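You will see chain A twice below: alongside chain B first, and alongside chain C after that.
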Partner chain A sequence: MKRILFTLLIFCSAIFAEQPNGSNLLNKMIKLMNQKNVKAVMIQTIQTSSGDKRTFEYDSYMGMSGKNSLMRYRKPSRVKGNSILMTDHSDNIWMYNQRTRRVRKLATHAKKQKFEGSDFTYEDMGSGDSWKNDFTPKYLEKTKVENEQCYKIELSKKNKDISYSKLICYLRVKDFFPIQIDYYGKDGELLKTLYMKNIEKVEKILTPMKMIMKNHQDNTQTVMEYKSITYDVEFNKRFFTENNLK
Partner chain B sequence: MRQKLLRKLGYLVSEKTWLMFGIIIVITLVLGFLASKLEMSMNMTNILPEGDPMVKEFNYIFKEFNGASNVFIVVEGEYDDMINFAEDIPPKIKNLGKWIEENDNGKILKQHNLAKEKVKAGKIEAINGYFSRVDFKQPVDFIENHGLMLIKSSKLKNIQDIFTDPNLLPFLTNLNNSLEKEYIQSEDKLSTMQKQRSAVQFLDGIESFTDYTKEAIYSDEYNNSLGKKAARSMAIGNSYMVSPDRSMLIIMATPNFNIMEMDYVMPAVNGLEKFVKTEAKKYDVQAGLTGGVPLARDEMASASEDSMLLTILALVAVLIIFIVTFRMISAPFFALINLIIGIIWAMGVSWFLVDSLNMMTVMMAVILIGLGIDFSIHIISVYTELVNKGTAPKSAIIETLEKVGTGIITGGLTTSTAFLTLTIARSAGLKEFGLVNGVGLIVIMIATLIILPTILMIREKFRSKINLTYKKNRDISYATVGNIANSFFTKWKISLISLLIITLGFGYMITKVTMDYNYLNMEPKGLESIKLNDKIIDKFNMSADMTMMTAKSLNENYELTKKAKEKSSISFVESISDFLPMKEEQLKRMPKLKLIQNTMKNKSIKSTINKDDWQKIKSELFRLEANIIEIQDMAFMGGQDMVDKKATRLVGTREEPMKGNLTSFISRLEFKKNDFKKASLFNLDFAKEYKSLVLHMSNSSQIQIDDLPEIIKDKYISKNGDRYLLTVYPKGNVWDIEYLEIFTKDVFDITRSVSGTPPMFYYLMEIIGKDGRRASLLTIAVVFLFLWLDFKSFKKALIAMVPLFIGIIWMVGTMGIFGIQITLLNIMAIPLIIGIGIDDGVHILHRYKIEGEENTRKVYSSTGKAIIITSLTTMLSFGSLVFAIYRGFGSMGLALFIGVGMCLLATILVLPAILGIGFRNKK
Partner chain C sequence: MKFKNKYIKIIFLTICIFGSKIFASVDMFGYFESEGDYIMFENDDYYFGYNKIRLDLLGIPGDKVEVGANIVYKSFNGKTTWNLMNFIPEKYRPINPLSSSTSDRMAYLPIEMSDTLLLDNVYLQLEMKRFRMILGRQQISSGVGYAWNPTDIFNKKDMMDPTYEQTGVDAITIEIPIGLGGNFTGILQPKDNWNNSTKYLKYKQNIGQFDISLSYGQKRKVFNCFNYFDFTNIEYNFIQDMSGVNIVGEFFGIGFWSELGIYNNNLKDSINFFSTCPSYFYEDKNFNEFVIGLDYTFENSLYVMGEFFHTDFGVAIDQLDFTYYLNYFQSNVHGLSQNYLFTNVMYPINGLITIGMFNIANLDDKSVVFNPQIKYLLGNNLEIAFIGSIFYGDEDSEFGTQNYNFRLRLKAYF
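On to the complex of A and B.
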């Protein structure tokens, strides 16, 4: 009898267990992806118009859960000291050139443009938690991606200023960490895919040590890797300002 | 029925030898004449499906526009030398025929005269000179009158200030403002190749301006043409097709003939090449040719050379095998004569089947040698055996035909069926390849049954005249082969396990086989046309392999141009839109142009520049330097190489700033009295010319189609006036299949109405892939059916197929072991191997039928010898392709060499082991 009751209990709990919900999954994903503050050294490899590969190394600082970020180039020597500041989810972008010692503000539409020749846009780089306001989430199904059980959620655009019509995210069932995001264009065409690789715990926080953005339209890809990363960092109020670019 | 016919034939040959000989001579003369009429065409349009829309579009464009194909003249050297060369040679190119007549007395003149003779004989259409037009710069007069109307409103909005004051100081201030608005505040301005090209042009103007200003200020004597030149470089820009680093210049010559008209391609391209190289020496530059037409010439030349050379090589190889294996000299020569006549017959018959030999059928002689010699081997083998045993020659001929004739017919039909299945292909190239070789093989088979016995009989007649007798024959059977096969037969269990392990090993190695996606690796090594195309890609981010499309209306033309300019795989778009903007767009630009004109009109030209102005000019030049540095860094970080390289010419790099023209110029600027004087004179000349140019260029009247210069109309508007031509140039190397796929996808995304080498090649690959798969499956089915009918046993037919499949696994596995890549050409070896490789198993099984399964040793000692010899001749014949200059043939030859060898090995090792199971079970 006890065994029957136990089986029933399992059966009922399975039926009434919380169904995956798009909003919850999106919230969990955003929380995992956008830590309050991050300081890292990143290596970025892009493909030039001649098809060659070019590698950059820069210090990356991110504050207010991705709302503000600052990148300061370390390598190669040609761009050493150049920096980029993005505030308000990339609505404002400033660039500093070490050789001319000038700071320039980019036009507002620059947000949709490619970030330094990469397959990421400034918008991708500074999305932070803005996805909550920009997209409507919908849980689709459970599926397997790269041998990992994943939740598949669809984010449909609700903010007309966003470049993508929808995103499809694959979140690992075990920890809700996204391992793949597909970006779709206005005509529903697959523009690019972001792959999160080598996911490790850094200071108890899941971190994709390598991110690959594959552009399906141009057949190019950009690889971003963390050389070092820490979440244990605080920034003062003036950190993400023009004055700190130089 | 077959036996009866063969007996009758034997009788005819032995009794009416000279009549047969006469008939053979007549047939050979007739078919030889027809064979000589066969022409070669190495163009892709000849191998695409008949009636293909791309071929139709190509033919339409050729008929209606003067620009279906181009010859790129690539010039390298010092900038000024290249410009002088470009300005001087175009009129001479239009009279190339005359130049050839006056300056060549060798091959080119011969080709030129041959074309003229063909015109006289009405064989080809007459053309008015080899080249109709030569383009090397923009239509400057038109730009001088309408230049600003050609600038997009959005860009004009950012840069219009440049055209408001002609004096040096305000001009520089406005130039800086415009640069900051147009480029520095928005990375998007460099996002596409088209935008990068536009930025490079802008920077090139600044480079020329810097050079002329520097010369004006620093030279001892002021040269009053410099101000004018500086003004033109800023207003009009560089009108030549020069690379951003100014080390290469392109001249485009448009031929009056189609790329398929080899009668014109050869003298025109060879003549032009000799001409530009001769002229280049005078100008101290280097020049060469590239583009579709020169590449077609190169392919044609190497393939023609290949087909003759390789045919001889294959014949010699076959002869050597014959002599070594049969240990006879006269008989192999007869077999060879028979084969040569057979091939002449086959080529003659091909004249009825195809118009010309294409890229795929051109190697038919080599294929037919490899396969056709097998028939002779069987006849000579049995005939010599019989006469050595003392049979009278006449009876020996009849008996030989009776004994081996049916086998020859079956074998010949099986292999030719494999070829003929290719006629289901959609690709005209594959279809013709299958038809020509399939029918050719049947013709050789018939020829061998008639010619070889006749020759042998003639020989006997001569021998009897001089009383020559036959020596006792030596035993030349292959006992070792018999022993090996027998041990696999008897120890079938261990043999099968070992063979299975080996096959699994080969199977694993198949996974290591990689694809060679670069078609240029199929082309002859070291071709100048290929090297120059690579250089163009490197210098201009653009390939000479253009794609063309047509629009039915101006509006469609605008729409297609806009779409094409947005595609990331496209480097450069040429269309009438560049010279005739949309009416609505022109209306939008009009008020801006009027404003520019009015503002400029009212500006007076300053006659002197004082110390204060000079100081301000200097700081504006520093500001210009800073702006260009920022554009340069933005381009470097953004991966926009062309812009980065161009900006580097102006401002150097952090490590070497003085390498930049502008940086080195402004670093030396000092306040010397004489400098003010020269600066004032320079300002005067510059401002006068600049003002005049801007006033003309800001002409706000709407550009109508009739205002366009003839050279533009001729290029972009069809002869009947109802279509507009767009030419798009790829950014990368279209012979790299991965890039080609992206480019073709982009092009098809613009319109389906396209033509040109890249989409045709892509489409061709696609259909060849599909055709190859379909043909392979059909060949397997037909061959299996054939075997089923022949053996009247499903099981035997299946057994006969086993060595073939194992052989193919071993073949591809071997390719994996030796790192031989799959190419577009060697993939065709697979369906061929199905047809060729099956023969060995068939012969062995036939012999088993006669000898019984217990006589494995005997079967393999005797028939094994025949299959080894026939396989070796086929292998060597195909193997000779490895020496082809056209490397595509080499890759196919090597795959076939391995394939035939592996099928032979599988027949010797696998087949007896399988038969061993059956034998054991029966027991």
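On to the complex of A and C.
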């Protein structure tokens, strides 16, 4: 009898240990995706439905696990020197125009605007680790995406200011790294899909060297690639302030 | 105290000292801009336009030093001489003093658009541990308003093109960050002596989702009066003080901004007996100007905004005369009348094409100009904008003197 009970206990604990939990998976994903500090040079290519391409290059700085970010354009000449500061998960946005030396503070509704006409919105760029507060996670199933065994989790909106009704994330079973995120609109329609490609270890941290955001509504896509990246960086306390935009 | 020459010498010497390093790594960029305008008023139509090239030079000889300059060449074509009287309703044009008829009014007041080559900005920026200093001719922009900035004492903003870059100001600027969200700015625009120099102080603080700033400025201001006896324009200048408050943030998800400037004129000059001046010359009181603006972006990226502007320097329509137009056209004041409304709607059709319409209404004389526009991005560095202007109002009103205007602007960045 004791042996049967012991076997049952082992069996049950194994079942519960195997059963993924949406909240745990979200936490693991956020931890992997939002390192404390990041300094990078990024190349962003926007492809329109007609196949036209526009390319931007900018310096990107992220601090406090994605809570604050600063971007300063290098190319093209049209936007060279312009910069964008987002603090508190893009609740505060300041834009600086280099030619007019003018700083403009945007209200939170501007989060819904496209980032330089790309398929990323300011909200997408500055969300950081705020998903824990903005969404309720739920584990759905194990599934295969691009020959990778993945956990599929659903994040349902709980913060009314968020533009998306839900997100579906696919996390690799082997390391919990997300390789695909589907963004759904208010009426449940699939708006966009973010694909994480070329996942490499940079300074021992898993990094998607290429991210592709496909817009299913407009039939456009935006590719973001790291030209260089380091996590070994510290920012002083005034780095993410308006004064540093210029 | 004459220090302007000394000040220029210091900048020149500093640039020379850093010169060899600067020019080793100078970055050159800029744009070419071409604009053509077709305008129709009083049953006559005219074409005018310009070609402009701006070359930006930027040198960063060290972590803490930046040297920049902009060279601008602008050439005008088409109609380059304008009669200012065409833009002033006939009843406000001065009556010829030598004529026996009261209908014989002044008919010609020319302004000439001439080609220009200028060093628009030339500055040295030093980043110190506790402050940033900018010396030289530089862009200065203050205020949170979109079409009007009551607290901006340096620039003359064109409400038909409010986001266009301003010309540089010869100044010394110091910016000192205070705490995490605070910033102090001090600007001195040196003139021939301390009294005539423009001084500006501002403290800005971020509090939650609001940026709040307090400012004070003093400048030698020029106003124009008109001598009806010999038809000449007389300039009077005096010290003007400005105290200002700016707030920008949001309420219930709707963007909100407000800007208040309180002006005090310290007129010392005695006014020529034959001069006729605007009423703000004579009244010993504070003149208030303020802006209140709201904006919102809908889920589908449709952007709407509205900005109300009031100025005590404007005048009720029954008191309007030629001198108010004179000061308004010379941008000595921000408004001809007292109350204006600017509205703007923009919608990005895709990443390349944006359509919209901005409108400016004079709420006092009930005239308005509607400006539908389309902007097209032809690749990374080429943009084309088409802006139409349709004027509506009585023939004596601010926007009723013209019929319509079409503007095509091409801008190529390099």
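We adopt the following convention: the second predicted complex is superposed on the first by the 224 of 246 C-alpha atoms of A that agree within 3 Å, B and C clash if a C-alpha of one lies under 4 Å from a C-alpha of the other, contacts with A are read in each partner's own complex, and residues count from 1 in each chain.
Methods note: a contact is a pair of C-beta atoms (placed from the backbone, for glycine too) under 8 Å apart; a residue touches a chain by one contact, two chains touch by 3 or more.
These numbers come from a predicted model, not from an experiment.
Contact with chain B, but none with chain C, is seen for A:Asn82 once the two complexes are overlaid on the shared chain. When the two structures are aligned on the shared chain, A:Asp161 is found in touch with chain C, with no touch to chain B. Greater residue coverage of chain A by touch, when chain B is weighed against chain C, goes to C.
Residue contacts after overlaying the shared chain place A:Lys227 against neither chain B nor chain C.
In the superposition on chain A, A:Ser49 contacts both chain B and chain C. Once the two complexes are laid over each other on the shared chain, residue contacts for A:Lys132 go to neither chain B nor chain C. In the superposed model, A:Thr100 makes contact with both chain B and chain C.
In the superposition on chain A, A:Arg74 makes contact with neither chain B nor chain C. Once the two complexes are laid over each other on the shared chain, residue contacts for A:Lys28 go to neither chain B nor chain C. After overlaying the two complexes on the shared chain, residue contacts for A:Asp91 are found with chain C alone; chain B is out of touch. Taken together, the two complexes place residues 46, 48-49, 52, 54, 56, 77-78, 99-100, 102, 104-107, 109-110, 113-114, 117, 218 of chain A in contact with chain B and also with chain C. Across the interface of their complex, chain A is touched by residues 180, 184-188, 191, 193, 196, 538, 541, 568-569, 626, 629-630, 633-634, 636-642, 653-655, 731-732, 738-739, 742 of chain B. Contacts from chain A toward chain B in the complex involve residues 46-52, 54, 56, 73, 77-79, 82, 95, 97, 99-100, 102, 104-107, 109-110, 113-114, 116-117, 217-219. Within the complex, the chain A residues that touch chain C are 46, 48-49, 52, 54-56, 76-78, 80-81, 91-92, 99-102, 104-110, 112-114, 117-118, 161, 163, 186, 218, 220, 237-238, 241-243, 246.
Chain contact summary for the complex, chain C toward chain A: residues 29-31, 58, 132, 138-141, 144, 163, 165-166, 175, 177, 180-181, 183, 204, 206, 209, 211, 248-250, 253-256, 295-299, 301, 303, 348, 350-352, 377, 379-381, 383, 413-414.
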